[in-house]
Amino acid sequence: MLALYSNPKWLSVTRAAVDRLAEVLGFPVEQCRSITRAVDEALTNIVRHSYRNRPDQPIAMYFRKAHRRQDGQVQQGLEILLCDRGPAVEACKLQGRSLDEIRPGGLGLHFIRQAMNTVEFTRKGPTNRLRLVKYLAQENSVL
Amino acid sequence: MQISARRHDKTTIFDLSGDIDFANSPVVRESVLREIRESRTPRVLLNLSQVRYMDSSGVASLVEGLKASRDLGSRFILVGLSTSTRDVLQLSRLIKVFEIYDNEEQAMAS
Amino acid sequence: MLALYSNPKWLSVTRAAVDRLAEVLGFPVEQCRSITRAVDEALTNIVRHSYRNRPDQPIAMYFRKAHRRQDGQVQQGLEILLCDRGPAVEACKLQGRSLDEIRPGGLGLHFIRQAMNTVEFTRKGPTNRLRLVKYLAQENSVL
Amino acid sequence: MQISARRHDKTTIFDLSGDIDFANSPVVRESVLREIRESRTPRVLLNLSQVRYMDSSGVASLVEGLKASRDLGSRFILVGLSTSTRDVLQLSRLIKVFEIYDNEEQAMAS
């Protein structure tokens, strides 16, 4: 578990930890990068949208193993849960823009969905929970 | 993250290093836009070879730099993309929108 | 705050996080390395000595800013608190061996003391607490 | 962490990479000691150029390798030390205890 405040300067620290965690779990280097990018973009969204750039708000990250059956085989994976206490996220706003336009912004959710097998927003009491899961191809598994 | 600008052969060259993320992309954006508007050189070149990470807000700053350059009739060129930086532009479907060279020499000769 | 289990495979993840944290706070690269090494050795001692290599025991790490007055100037620093729930550490055992012998083992505490300005073991209820502080030379400070 | 051994010119050469810490120094120790005792070459060489980090248990494994080599009358040589690995041997006051060369070529010529 990693608990931090919503100051963007801690984003870098979280990336270093997630990248190494993915490495230790046996994800190939490109997937370490994309998982790290997904978590970074999700945290940035919490800072910007949930907390409107207030730097002193709490964020909690939980890491655990995940499993699923795929084609008769058990796949192991990494589940990351990001929790914040901002106002409830409006589901209708949770969409990236079309990628056909050339303009700044609206890319974060694309990066998150591209990297992870599961991307799931839920509200539980006063908490926004974003559940991210990435499964490991059988041959890389050291979990 | 560090950013600095130099002028060479009618080109404004920015050297960036470290991680460009939401903590510092506003600084990147401001520096690049100010310098582009002040220097008004026919070419603007961003050397990204020392950039370790770039997030979507970093990509957004590059898009703003590109637009400001176009408004002034300048070319906006990226050089020294790492695998990671290239990936992020590819995912954004922006890799073809930017003029990209392997290194400064090739860009300057172009 | 970082909470983890006493499995040595998480040491690498913790090193990555601490190294980047020290970098973000403005410590020069050699000090980032030595702070990281100190934390790694302290965690290894918890795993080996407090928990006798059981991999499923809780470890909590707290990070906060520290301050001190030195030569009339305020120095900023990084304080790291490592907490475990193993048996009380016997103070008399807490010494590295003489460095004049050439033999394996007994180096960890030397590395910790070399890197940090403060190294302080205390027992609080069921918890062993190791407090590590490193101050930043004025000119590097971005805290 | 990865470790592998090869034999070349009466020398047993170990290639190590990644982080040597308490999670894997037992594996390093076992592999090095077994190979030294089985191969009994006059030279044992550890190439550490790809080692990113080494903790005190890694240093302890090197000391054990050194002792086992001495017992068998073999030389025990380290090459490719990074700043970080060099620091840790210096802090342990062991830097002078080991025979150290910049790279394999220099060690093989020695």
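Chains here go by letter, A, B, C and D, matching the order in which they are written, and residues are numbered from 1 within each.
We take it that contacts are C-beta pairs under 8 Å (C-beta built on N, C-alpha and C of every residue); 3 or more make two chains touch, one makes a residue touch a chain.
Here the structure is a predicted model, which means the values were calculated and not measured.
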| item | value |
| --- | --- |
| Set of chains whose contacts include both chain D and chain C | none |
| Whole-Å gap separating chain B and chain D, where each centre is the average of the chain's CA atoms | 44 |
| Averaged-CA centre spacing for the pair chain B and chain A, given as whole angstrom | 27 |
| Rounded Å distance, chain A centre to chain D centre (Cα mean) | 40 |
| Multi-partner residues of chain D (each touching 2 or more other chains) | none |
| In chain C, residues with contacts to at least two other chains | 9, 12, 15 |
| Pairwise chain contacts under the document criterion | A-B, A-C, C-D |
| Residues on chain B engaged by chain A in the complex (per definition of touch) | 19, 21-23, 53, 55-57, 59-61, 63-64, 84, 87-88, 91-94, 97 |
| Touching residues (chain side chain A, partner chain C) in the complex | 1-4, 9-10, 12-17, 19-21, 23-24 |
| Residue ranges of chain A in contact with chain B within the complex | 8-9, 11-12, 15, 30, 33-34, 37, 40-41, 44, 47-48, 99-100, 102-105, 107-108, 110-111, 114 |
